[in-house]
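As written, the chain order gives the labels A, B, C, D, E and F, with residue 1 at the start of each chain.
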């Protein structure tokens, strides 16, 4: 008898019970301020992940040796942001409840808010490491509070000041930089400098890692909605996410803002896939904070 | 002294007071169910309109001889559908108040709802001619009422039964076709057959014309979010919109659903531009119903 | 507990036992003579099928009401044509053995040979309806016998003369046209004229339908490896495949030669999806010849 | 010893002396008013011609049986229009002098002027059949006389009134249509209607055929600089050029305005190639007027 | 009453009188030797500038705080290079006359010649800083003197030897490098090394800055007509133009050679926009040399 | 009399007898495991090489001063890998026999095997420098031995252990890395570190250089079938191939895996062309090992 057509991120074919990491996709981009299309990222990432090997020579580890369950994409009610965030929160909460690490593939960056809502309910002292080209700290975007340009501001409302560590930021309104520097967040502009010190500070505290891939230089990641030249290198990002995800403290994470329609050559998608592979491999080492 | 950089649809450079037609763009696509990107249509249409001539050998008329004002694009709060529709309604209402014809360039098809809200307030016996590949008659889309898949259902809530004439429909849920045939709308599937009879019926009654360009065959209009093969020819659509817009009864209209990112060659945009040119030229003949 | 990520052609989610039609993909293009890339067609078709509705207003039938199992894509040993054909034949044979209709999505056209090998073993009086722009009757292509340019010649070696009915052919070597006209096949060049008579002749005899989508005009189907201007319209093809697949006699079929990388707008993929939907809906009426 | 890399339009590999038709390319687009890029057409056409067969089932003739020499592309001094036209004229004159048919592949349409300059020197009673979407009859374009928008006006200055027969025209300034109708040219707008009568009239008189491929509908020929929806079908154009080129009277011809960068799928190039193949095959029948 | 549709580079909406910098576009590419299309750069740059923020965290300055007037694009007589250069010169001269800084957005690099003609009339001791991948020092290109491959040679004819400082050059004919090294220009190949010393030398002397964006590495700027791998990084270019434009001595500048049609992802356009933003912000500090 | 249309890599127009380097293309991609299309690389490289100058400021050498013959592309029997390899081997053998350096332009990487078969017959102590992102050391790919994923394993079967020096490798199965490290090859992962020492070791021994261009970072070389982020810079690769090719010991070389269809902007092709130019210029210095 023939099998059903199961499509996972390459070799993430563990059974749910056995997995300590669970992938879920949020194909959403309705609040995107400039060029939409990130909704197709999770599907494209799964499909193109087969251009990669399962083995990482950087970490000498292999996806075939770890336990990841791919739960596919949420079916989201496009057009109603609140309902979308609720669906994301519920999926994240279910995974957290089962003491697994929720690994979200966006979609635009606002999807992070759904995951953070679930995470702060479980970890009331949650910290966020935010790697991005954009500050995402606006209070509203043309009057809209639930916008991808405001997502870290909304997260801050849940975590409070001093819990969000931002890296690589090279774009925003003047007021966003001012607000950050008033003690609301720890902002490290332009690069990943300061990461090591941050990880020292966060020892023993729950960490959620959110990666907006547009932090990468446009040369290596052109397939995104709001490209911002002058970013960090692929190797820098890869090494940093490995460094972070290797920690037991990471209890959830996401990777966002690949926009496949602007990635004619597929290399932005390949970059997303490789970052995800390296994150999965380093996360799997420990099973995450909650199992510590 | 140098001039400011005013960008209009080709030669639509009348002063507002002198114009009897007013263009306005609604760069919105947040409820798009499949592939977003129509927000860039109005800007792209203006830019590419310069590949056309102002003269139509079909009508022997010239844009340089008529009076059209291009009011540019609305600045829309992406992410909040209700606020977006209000902004569209207000612009349409202002134009109608001044006894001019509002000519809306979308964006996704939901933008029509904003214009219809304004139009029914002025014309309580409004009729709608709806040319489209899709029925757009769902009551909701995954629970969302304000979706481009529901726009004609929402319009029907404003006009009541027997006021919407649909042409070219070749896609929808079974329930949409059933609902239409229960007397809610007049549906003419697959083609523009029946248009002449419809125009007879509508003599003397105010008409709003809404054109979803995906009614065109995918061969001639590939640049759209939800392409549906098997559509009508460019010439058929052009002749029909000329026939409709020549009537004094037309009090407003819109053209929607060009998605430039899927139009690498630009020919879908050229088709949109030419349809708009021919509509403008035929509308201008009379100045529209309200001046009759 | 979360579900696995099953990806089917839209709503083809029947259980295998309940299904009377079984989809299977053959992502193969290694013998393509001009522009390769059809290997990505089955995956792309599944993904993009969600831009269609499940309901067909042409047939007033709905994919949600019929029973189709999607068995996904074969994992093919790219680089060894004979091994690839064996894998296809085995899958087809298994489906035929269970008295279901194998519905193959290519890939290049050579994949048909695998399916025909299985079909002629079950139906030794098999007939083939071949709809294509190209004759595919070469004895070899630069010395290679297993080439997509030779597939109908190879099939003829299995069926014998007078069993292959070709439609829409508008390209080939002079010798191919001569060979066909020597009584080897029934060739109907340029169009689908003669289909009705053919179906009369084939009454009561097992039919395999193979559709090379490049039979469509390049205006409606540009995303293919060897585009040939001057083809048939989408509506003509759709009506013909409905007419054929409605017959009890059809015991298997395939749809080939979509090359997604040349389909920037996605409308060729949409055409493929819609042809497949209409074929599935008409095939399902009867369950196919073997259940007659 | 190895051979040099000779690249011809498919199988146009006759020796110069034996040939009665000579291909030459003019990679020029500097006066293009809208979107440039046609300079790459001749090279692209040669490369992609290998996706076609040499045999035409329409004419039952084969490129391998006729005698065509491909002299490659002129090296043109981009930026100096007059020098460019001189280079084209010289090549055309050399071919005409040797009693062969010059077959020019543009480039933008202005290149025709170079060829016509040579042709009128040999045939002072030259007639031109002009198939195009655009009238190309402006006296100047923003003050520039040597523009592709003026090419037929410049040709008229060489031939005089009543010698230019225009077909398919669906775009131009009002003044161009007026000027044509004042007896300067015979204009057949929108279609090829009237061709048969024209060919009757031209019996026994030398004919130059210039084909601007944008006469084709944008559905079948999107890869051009100034796309104009609402054109003629591929089959209509193919049949007409066969009808014309079969005549002994044709002493030269050209095919223009393919712009490869807007032809992502390659089907516009394929259309150009097939039109050229059919023209070559029908021209070859007689060897052209000058040998009559 | 509704407003006209004014389209500026993001927030460059000062009144002309108040502005000390004036943008003007030259949509010209007719002498481009390889791949044309830069004519669409100024329009595309304006449109896509809205993907950027107005605030620069690099300079801690904001476009909303400075005074720039965007005068739109010149309407250029494509096909007549001399007329085109005259139009550019006139616009530049008018801006210079009003003691404002003319900021030209090309188009191909030849447009610089028009601006330099105006600048040397006002500043007879003008110096040029030329940042480019190509030397642009040919005396002619296939006999054409007014070619983008010759633009710095033509400028040298106006300034004399020892006034042109070239940086980043990595391509040219051997003779161009020889000619430069004979004392005609100061050439700094491959990088921006030597810039600091140059700026020392130029203290107190009027400087015109011309930036050919193809100096950037092809990884970060693929959307250009003649891509040359092995270039400088975005950050290096950004820092250098800030360093230069901060000087009072800069009396005019231009940014050239974005070719949007080869920039499918839009990141080359984003790079152009960001370079322009940083130049505007640093220029505005002082109002330029003439106000010193 | 007009000339035939000879198309060479820019200015590689030496006569065969005079040349000491001979270019030949192998348009083959049938064993490509992921995204095919490299078959169009040699043709595209020739066409686009005209965007480069013949002069290298890096080496101060000019293609017009050296002697290279371009023998064009092999006509390969697509679909039969063994026949393809034989054709490549024969061409390489003929060039080697004439004491010239065969310079192969692929195609996928498996083409190297054909050239190596010829080279080891002439040089039984052949060494291979292999620059690549991928190890290419699998014993088979889904049972297929002749696959581009296995090419260096197949070469090893010809040279034996300790003769293959691999650089830049950042992808492979775990088993490939293990196998390499068991003494079969010298693997230098991630970078070109170790090249200098390798060249010391290889002094006086025949070297074949094979360059898989996907060793370049995806930012600079996105146009390839299996993109792998995190690669080396263009300048690093350029400098290294110059260093290698300057040696008398190099007796043959190849450059592979450009896939033009994923290179919309053309910059990957430009990178390939420039690498080839620099290799040709450095190879020409000595005429190669066999003439030493």
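Details
Going forward, contacts are C-beta pairs under 8 Å (C-beta built on N, C-alpha and C of every residue); 3 or more make two chains touch, one makes a residue touch a chain.
All values derive from a computational prediction rather than experimental measurement.
If you take subunit C and subunit F together, the chains in touch with both are A, D. Centroid distances from subunit B, each centroid being the mean of CA atoms, peak for F. Residue numbering at the subunit C/subunit D interface overlaps only partly, since under half of the positions present are found in both copies.
Between subunit A and subunit F, the centres computed from C-alpha atoms are 39 Å apart. The mean-CA centres of subunit A and subunit D are about 56 angstrom from one another, to the nearest whole unit. Counting partner chains per residue, subunit E shows two or more touched chains at residues 35, 217, 219-220, 262, 264.
With chains as nodes and touching pairs as edges, the resulting graph is of another kind, matching none of line, ring, star or complete. Interface note: chains touch in the pairs A-B, A-C, A-E, A-F, B-C, B-D, B-E, C-D, C-F, D-E, D-F, E-F.
On the subunit C side of its complex with subunit D, the touching residues are 34-35, 169-174, 177, 189-190, 217-220, 222-223, 226-230, 262-264, 268.
Those residues of subunit F lying in contact with subunit C across their complex are 29-33, 35-37, 39-40, 75-81, 83, 141-144, 146-147, 261-262. Against subunit D, the residues of subunit B that register as touching in their complex are 50-55, 57-58, 60, 62, 217, 219-220, 234-235, 238, 264-267, 270-271, 274. Subunit B makes touch with subunit E in their complex at residues 1-8, 16-17, 22, 24, 43, 46-47, 69-73, 91, 94-95.
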